Amino acid sequence: MSRPGLILKLSCHDQPGIIAKVANYAAVHSGNVVELNQFSDKLGSKFFARFEIETSNLDVENQDFIDGFGTLGRSLHATWHFRRKPYRMRTAVLVTKTDHCLNEILWRAGLDELPIEITSIIGNRDNCMAIAENHNLPFHLIEMDGDRKADGFAEIRSLIEKQNVELIVLARFMQIIPTDFCRDYAGRIINIHHSFLPAFIGANPYRQAYERGVKLIGATCHYVTADLDAGPIIEQEVERAHHHHTPSDLARLGRNCERIAIAKGIRYHVNDRTIIDGNRAIVFPD
Amino acid sequence: MSRPGLILKLSCHDQPGIIAKVANYAAVHSGNVVELNQFSDKLGSKFFARFEIETSNLDVENQDFIDGFGTLGRSLHATWHFRRKPYRMRTAVLVTKTDHCLNEILWRAGLDELPIEITSIIGNRDNCMAIAENHNLPFHLIEMDGDRKADGFAEIRSLIEKQNVELIVLARFMQIIPTDFCRDYAGRIINIHHSFLPAFIGANPYRQAYERGVKLIGATCHYVTADLDAGPIIEQEVERAHHHHTPSDLARLGRNCERIAIAKGIRYHVNDRTIIDGNRAIVFPD
Amino acid sequence: MSRPGLILKLSCHDQPGIIAKVANYAAVHSGNVVELNQFSDKLGSKFFARFEIETSNLDVENQDFIDGFGTLGRSLHATWHFRRKPYRMRTAVLVTKTDHCLNEILWRAGLDELPIEITSIIGNRDNCMAIAENHNLPFHLIEMDGDRKADGFAEIRSLIEKQNVELIVLARFMQIIPTDFCRDYAGRIINIHHSFLPAFIGANPYRQAYERGVKLIGATCHYVTADLDAGPIIEQEVERAHHHHTPSDLARLGRNCERIAIAKGIRYHVNDRTIIDGNRAIVFPD
Amino acid sequence: MSRPGLILKLSCHDQPGIIAKVANYAAVHSGNVVELNQFSDKLGSKFFARFEIETSNLDVENQDFIDGFGTLGRSLHATWHFRRKPYRMRTAVLVTKTDHCLNEILWRAGLDELPIEITSIIGNRDNCMAIAENHNLPFHLIEMDGDRKADGFAEIRSLIEKQNVELIVLARFMQIIPTDFCRDYAGRIINIHHSFLPAFIGANPYRQAYERGVKLIGATCHYVTADLDAGPIIEQEVERAHHHHTPSDLARLGRNCERIAIAKGIRYHVNDRTIIDGNRAIVFPD
């Protein structure tokens, strides 16, 4: 985990020889590919890959290696991205009242399961303030009720810019994100929806699940797009439900799903194990 | 499983003393309650129960015991139903092309996992004819394409009546069931839908699942009502899906879910472990 | 959850009429059985049941109802136990270094998922002291290394007695419990073992699992008996493992299992949903 | 699935540049790597990979490509294996009485989920003879009771050699395989064990599971080695068990696990998705 290295994510039109060319580039400079995940999407004629390259023996500086890759990348007409390891992604966590997803994130970050640095916790309610304090993290209370909403999002945006936030996690943040915000931070906002999407889109999914009488309930971690609850899905979890479970029982069971799904979703994202492809997410799990 | 006995299903408005009264009735006549499942639905103020009563020491004839229960049942303003064990439910299986659900049913019936007697296999295609022959079961090919549909359903109805069919299983039967048919056989038609309902209602759910990029796919066994894919759910199963799975991979993975879900659904139904409550199914699993 | 009531657990030799008699006793005194779980163990000729009785309309005092039941209980040669609801079980949590199970318990207790009152956190290391302080809970550091072990357990015993502890939870407490301690607190000590028992009994189960190359790893919540890791199992959870998972990856994945399993195990125990039957646990889940 | 191509499995000491060299070799000859799975085992300093290479544009004959690889393979001190696609592996299925695993294999082979050609079904009981006949497959009844065992295995060996069998599937074949047989067909015998190994090694695992009171039961598909039930694990499945399940209920539930596990195990093996590494199996699932 902690050995210095580079992660390269790359996507392009499918064509023969991509792996050879990229792996060759690494090998020529004494980079060692220690993990390689690729996906040749035959239906879409696209190619996606993630290379994890150990760089302890690299014959050039990391930055030089990264810059030099550009020639190959452009010749493949690829989109690519390098990340240096170890890395802690600057992450803001947005919350409202419930704290189970926040607690999960803090606990896993503390155990180094999630390589993130939490820049701040932002709430439109103060319920999670004490948790932030216990963890010595700044808490920003931003009112968003009624006509305060636009100002509130402007304030969030200002915090995010000031704190160089790279990832925005909606940890049961009960506000609809404005379209321009979704667009400006596309691919950088992760949400947990408390249902097995695309079932039970919208409000109160546990109540909906109860009324439909489903035998499994779930949670979905996804990237946020302007289209509510329709963004690329990163991870889903389910749990058995029975007829005797009330909506609040389902909410209790669902919390387990939400915690697992959001933790995995963040882990995949910050380790560059996801590539967004239109409305789908390519995910290379670990 | 095989000891002679009675199964009593009962539902009524919730009120104190129901269990005492019913259990007492059994005890007074030397019936032994060997399994009891109940559900006091506090949200709906309803009571549901299933009693399995061993009758080897009963002090009256079974029929007398059943008849005599009427007085108590009426005093509770209950709906109830007795079933004598052992029992094999007369079952028609409707199919189109694919045979995996049919095979599963035949295999489990052969192992005595499903106490059913298959009266006939009815297909609007002949693909499953050989399977029926191998099992020495009558196969009825009924054309239903285009304007033959109404006649086809009339023919099915006639077969069902003639053969005293009690349960109609739609084992990947690719025809929409007419409203009057649903109504006339309400609570006696079980379908397998190849998605995790209510997600992906309607046609080609695996294609829909692929396009949505879900990370779990599923199958749903439910009672058929006139409202397409919206009947009471008996059982659901899911399996992990990945970005590299094509729609046909999802169909392959989904077959596992379909087979398990339909087998459990039938098993619960024929063992009287289900009670339909509006759009939900109370299910007491074994 | 919160309505006042009584929980009755009862076990006896199987015999006709038990449910009738018990339900009758409740009904006669205007107690309403709102949940009933029973198990007629045909292999062992034993009967086990849990009655949840709403007592708001009881025609006598609760204590009178409980005392009066003795006549019936003795006539059935039963073992039984009443619990008044709402109830918070006095619970001591024993820890060593790792905190994930402790955190899970604290978090769920805070959400009222576990009706317990934590009397103290007892550690043979000080790693969890800060967590205890954050939750305003007393932390007792008890040294147990080398020849301090016997004294340490004497001290734990003294704390438990002084604080009227009813349940002792070993939340990754890395000490073998002395035989007399197991015996004296039989049925009141719950442990989480970090493997899918009976596989990988003893030390370092994740290392064992890695070496065996299993494709699923798990955790087991069980009652503690003098026979190491062989007590009655309450709950087990598993998670997929792959060849690329190192022992520390397995430990990371296993933590999810451990947290879910210990939380469910405690929940079942404190809600009187478990009955110990020799080396097995009857569990009526909710 | 059906596009012509080559599968290359390779393992060697871990060293920089392996992927580059192999991918390069393919690219130079206009082979297109459409799927690549690799595993750099940092704990064991070993490298394992599976390349799926589309060969429609190959600039040489397949055999030439395969032969030419030898130079590279030897320079890496690797062990490697090529397979031409499409391929049907010649498979003998060994059975005793129960038929559920056999049925599963036949059904999936019929659906083309398992690219195998079943050479024969071999039984030491005649229970599965009718199934073989229904599928127009040769059935060999070989007596193995008492002192017929050695002769029986000699006969199996003779059949296997005569029929050019590549894979031997023990589909609930209730005979202990002799050491020399295990050794001579190492890596080519797949067994399904009806427990979650390493729990419940040996006879009657469902009875053992019942007596231990486990809350999950399982099945394990593994390669057979001389050490009973200790060979490399390919796949494991589990299902929930409850206190009311008798050993025969557990057997019923376990059949689901067995069928899924053996089907996946065979699928992975015949698609060259497994590499045996000592007592562990590297498995690249699809």
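When the chains are written out, they are named A, B, C and D in that same order, and each has its own residue count from 1.
Everything that follows uses one rule, which is that a residue touches a chain if its C-beta (ideal position, glycine included) is under 8 Å from a C-beta of that chain, and two chains touch if they have at least 3 such contacts.
Only a predicted model underlies this, so the values are computations on that prediction, with no experimental measurement involved.
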A-D compared against A-C, more contacting pairs: A-D
Farthest chain (mean CA position) relative to chain B: A
Chain A-chain C separation of Cα centroids, rounded to whole Å: 36
Centroid spacing, where centroids are CA-atom means, of chain A and chain B in whole angstrom: 41
In chain B, residues with contacts to at least two other chains: 42, 244
Arrangement of touching chains [line / ring / star / complete / other]: complete
Chain C to chain D touching residues, read off their complex: 39, 41-43, 196-200, 211-216, 218, 232-236, 238, 242-244, 246, 277, 279-283
Residue ranges of chain D in contact with chain B within the complex: 100, 103, 107, 111, 113, 134, 244, 249, 252, 256, 260, 286
Chain D contact footprint on chain A (complex, rising order): 16-17, 19-21, 23-24, 26-28, 30-36, 38, 40, 42, 57
